[in-house]
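Each of the next two complexes has subunit A plus one more chain, namely subunit B in the first and subunit C in the second.
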Partner chain A sequence: MKNLLELENVHTYIGQYHILQGISMEVPEGAVTVILGRNGAGKTTTLETILGIKPPSKGTVRFKGEDIHKLSLHNIVKKGIGYVPEDKRLFGTLTVEENLRLAERNKQDFHRERRELIWDLFPDLKRAWKRPASTLSGGQQQMLSIARAMINDNSIMLIDEPSMGLAPKLVQEVMSAVEQMKGLTTVLMVEQNLKVAESVADRCYILDNGMIVYSGDIKELVKDEELQNNYLGVTV
Partner chain B sequence: MSLSLNGLSLAMLYFLIAAGFSLIFGLMSVLNLAHASFFLWGAYSGLAIFTTTGNFTLAVIGATIVGVIMGLLVEYLTLRPLYGNHLFQILMTLGLLLVFEELVKLIWGTTILGFPRPEILTGSLVILGRYFPVYRLFIIIAGIVVFIAVYLILNRTKIGITVRAGVEDEGMVQALGIDIRKVFSGVFGLGAGLAALGGVIGAPFLGVYPELGFEMLVPALIVVIIGGLGSFHGSFVGAVIIGLSQSFGGYFIPEFALAINVALLAIVLLIKPTGLFGIEGGH
Partner chain C sequence: MAMNQVNLEEKMTGIPAALWRYKYGLILLVLFLIYPLVTPSIYHLSLLIEVFIFTVFAISYNLMLGYTGIISLGHALFFGMGGYVGGLLMVEADYPFLLIIPIIVLIAIALSVIIGFLTLRVRAIFFAMVTMAIATFFWIVAQRWTDMTGGDDGMGGIIPPDLLLPRENYYYFTLIFMVLAYLFFIRFVNSPTGRILEAIRENEERTRHLGYNVLNFKIIVIVIAGIMATLSGFFYTLSMRFLHPSYLDVDTTLDALLMTVIGGMGTITGPFIGAVVVKPLEHVMSTYTEHWLLIFGIIYVLIVLFLPKGLVPSLKDQADRLRLLGRKLLSKN
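Take a look at the complex of A and B:
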């Protein structure tokens, strides 16, 4: 399998703090790759570094064979990256429809098709189409945040802890959406819950203190309790 | 009746300044004190065009264009390098306010200049036995037309949606692949154009003099805070409140006109610290 995204010895600072300390990562095309790790391990920072929100001070980020770490955020995103941030970051005063319309960057026909797909996947959003995003429930907001990244013909989706704070039934619904994406695009997802991660992931990385401490098949990790005890929090 | 007509025409002028002021603050967190200079220069450049061509329509269009160009230049040359640095921005825009006023004095002198009303906008209309000065009606209608036009742009077009989204979370707008700097420039240009439009249509009503910008700045600030920083329709409602209070207060107890406005401001902030239509957590 070809790598769609590669990080090579990436270092990122936040202020004076050395957060990512030499991360290398390969994200194969068409698969779901999961990043696991404790709170504060640097998972969100990794996604933000890829996007150029927190540009790396050293190292390279390569997307479709092109170095992108010197580009600015909006130019990186336009290469074909969908982003579902940790705190959703919807526009609360905009309606569901406006939130999606704002995100659209491809041809109109494409978006018409994608809207249908989104309506099928999340009927709630269709029902709330003209309502401000701030009036949606937590679960619906997560759906809209995912839908916003799905509305474009993205080559990769960066999804940050989509199950966080959701009831089990909603987690399932969100994960079935991620499952659906598999056929359409590549996924790089942060997920603290190993069970949830296992249900969709092909490969995984474990981050600890800004360094990669494990990479490989997620099935192996599920069997290895020592590894889990060492590097994953109590959430397992 | 004549007082409320007077107040409403004043309100429209406040609105034309406050709208851009508020959007620029909401979007870029820039408190652009030089915004009143666009009003001032709208008045002077409009007068210059009107005296040379005798064509009022041309003066209105020309002055608005002057405002747009000034706005784009101010944003690009002086503010763009300072985004995020609030103290320097305030000093910079305060400096620009003074420079633009001195330039006016240098070019046109310090005396009050009259701006003759165009022929068709003079006189009064008689409606139901009452007299309505045509020019005031013109200002009110122009203000309402601008309000509706900008309202539709903000709510119906993708550019408008982008601006509203940017007021909430500019970082996320960029994370959707949108170059927020272009949006900043556009809003700055448009806001400056509206202020200049206010200047040229307000000039026949207020007179044209160098302190005009500064005089409009204080009420416009109050309007923006009452309406809610970053809220477009808030700036309209705030302008109507302040315009009317200014006009009535100025008539009955002129010494207290400003005090009344400040009291109104305090009351609104006590009840709703974000202003009438402000949203929480913007910046």
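Take a look at the complex of A and C:
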């Protein structure tokens, strides 16, 4: 399988702190790749480095064979990278429809097909179509956040801890949406919950103190209790 | 009855729908059009001219603060620049009115772009500080360069072109200026660009994540706001027929801020309501006491405390509440 996104020896600092300490990563096209790790391991920073929010001080980020680590955030996004941040960051005064229209890069192309796909995946959003985003529940806001990244034909979606703060039933709904994305786009997802990650991931990386300590098939990780204990602090 | 009205509104489309939507504005416009025909009072005409001009000035501030979240502490820079450059070109260089307008518009564009690129790239607060610093600099220049500007005594003899005389003609001219500014404003904030500005105000970083070049959008806004404020300053100078350094001082910026906050930030009608409340109040209070600014400060604090959204949104909330109560009572009966 061809790699869509590659990170090579990437170092990122936040202030004086050396967060990513030379990570290398490959994200194959069409697959769901998950980054696991404890709090503060550098998972969110990895996504933010890819997007140029926290540009790397050293190393290369390559998307579809093109170096993107020197581009600005808005230009990186325009290459076809969708982002679902951890804290959703919706526009509360705008309606569900307006949030999606705003996210759409090709304004002439708010096409029925995508909209209906979103309605199929998240029927709640169809019902709340004309409501301000601030009036949605936490789960609905997460759905809108994901839908917003899906409205464009992005080649890859970066999703940051989609299960965080959600009730188990809603986590299931969100994961089933991620599962359905598989056929449509590539996914790179950050997750703390191994059980949740296992349900959708094809491949995984474990980050610990800004370094990659495991990469491979998630099924192998599920079998390896020692690895889970050492780097995730949990066992499935 | 209420139901019939809702049905009627839903059925209307295109121009009739737009006319119906802005029916109160249209009624007001008709009243303003006939006003000079029924009153001989030059004082009231002058006051309304001031209201029309300051409405546009407040629209420009509302675009920045209310719709995009950009705070400017030196918006008087554009207002005063329009007044001084326009007035001096008219008096000293004898430039025709129609040539002065494109010149001051071009200066406003250049000034906004330069300040925007230099400051908004870093942090929003720099824009506020730099605009205040430049406005203060020009205020000092206007005060000290007495040979050219008349210093603190000001400079008179700035007469509008013959076509805009007498006062009634100037009244209609500024009314048209306000109406055109409003038409543009409504169109602009309801356009996709307007939605992006709202998104920037709500969450700048997130807007960037969606692939928008936030800096460019902010510069578009400050250029538009700069042009509006510059023209307001020039037309105000023509209305007063006088130039004074106070056009560049912090009180003028505070006027725009007051009107925006009192009327309601991020609302269509807010700038007009703000100007209608602030300007006549200024005139009335200044005739009774020299401490009118203090009273204004107290009113401002009270509005911020008790009507934090401004007059328009707060009154709308009250009206919605009353409407809901009325419907409940009707359904019970």
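Assume the second predicted complex is superposed on the first by the 227 of 236 C-alpha atoms of A that agree within 3 Å, B and C clash if a C-alpha of one lies under 4 Å from a C-alpha of the other, contacts with A are read in each partner's own complex, and residues count from 1 in each chain.
Note that in this section contacts are C-beta pairs under 8 Å (C-beta built on N, C-alpha and C of every residue); 3 or more make two chains touch, one makes a residue touch a chain.
Here the structure is a predicted model, which is why all the values come from computation and not from measurement.
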item: Superposition on subunit A - do subunit B and subunit C clash or fit; value: clash
item: Touched partner set for A:Y205, first subunit B, second subunit C, both or neither; value: neither
item: Touched partner set for A:L73, first subunit B, second subunit C, both or neither; value: both
item: Touched partner set for A:F63, first subunit B, second subunit C, both or neither; value: neither
item: First (subunit B), second (subunit C), both or neither touched by A:Y214; value: neither
item: Partner chain(s) touched by A:E98 [first = subunit B, second = subunit C, both, neither]; value: both
item: Residues of subunit A at both interfaces, subunit B in one complex, subunit C in the other; value: 51, 53, 72-74, 77-78, 83, 85, 89, 91-94, 98, 101-103, 105, 148
item: Complex contacts: residues of subunit A adjacent to subunit C; value: 51, 53, 72-74, 77-78, 83, 85, 89-94, 98, 101-103, 105, 107, 148
item: Subunit B-facing residues of subunit A, complex; value: 51, 53, 72-74, 77-78, 83, 85, 89, 91-94, 98, 101-103, 105, 148
item: Contact footprint of subunit A on subunit B as seen in their complex; value: 158, 161-162, 164-165, 168-169, 171-180, 279
item: Subunit A-touching residues of subunit C, taken from the complex the two chains share; value: 192, 195-196, 198-199, 202-203, 205-206, 208-214
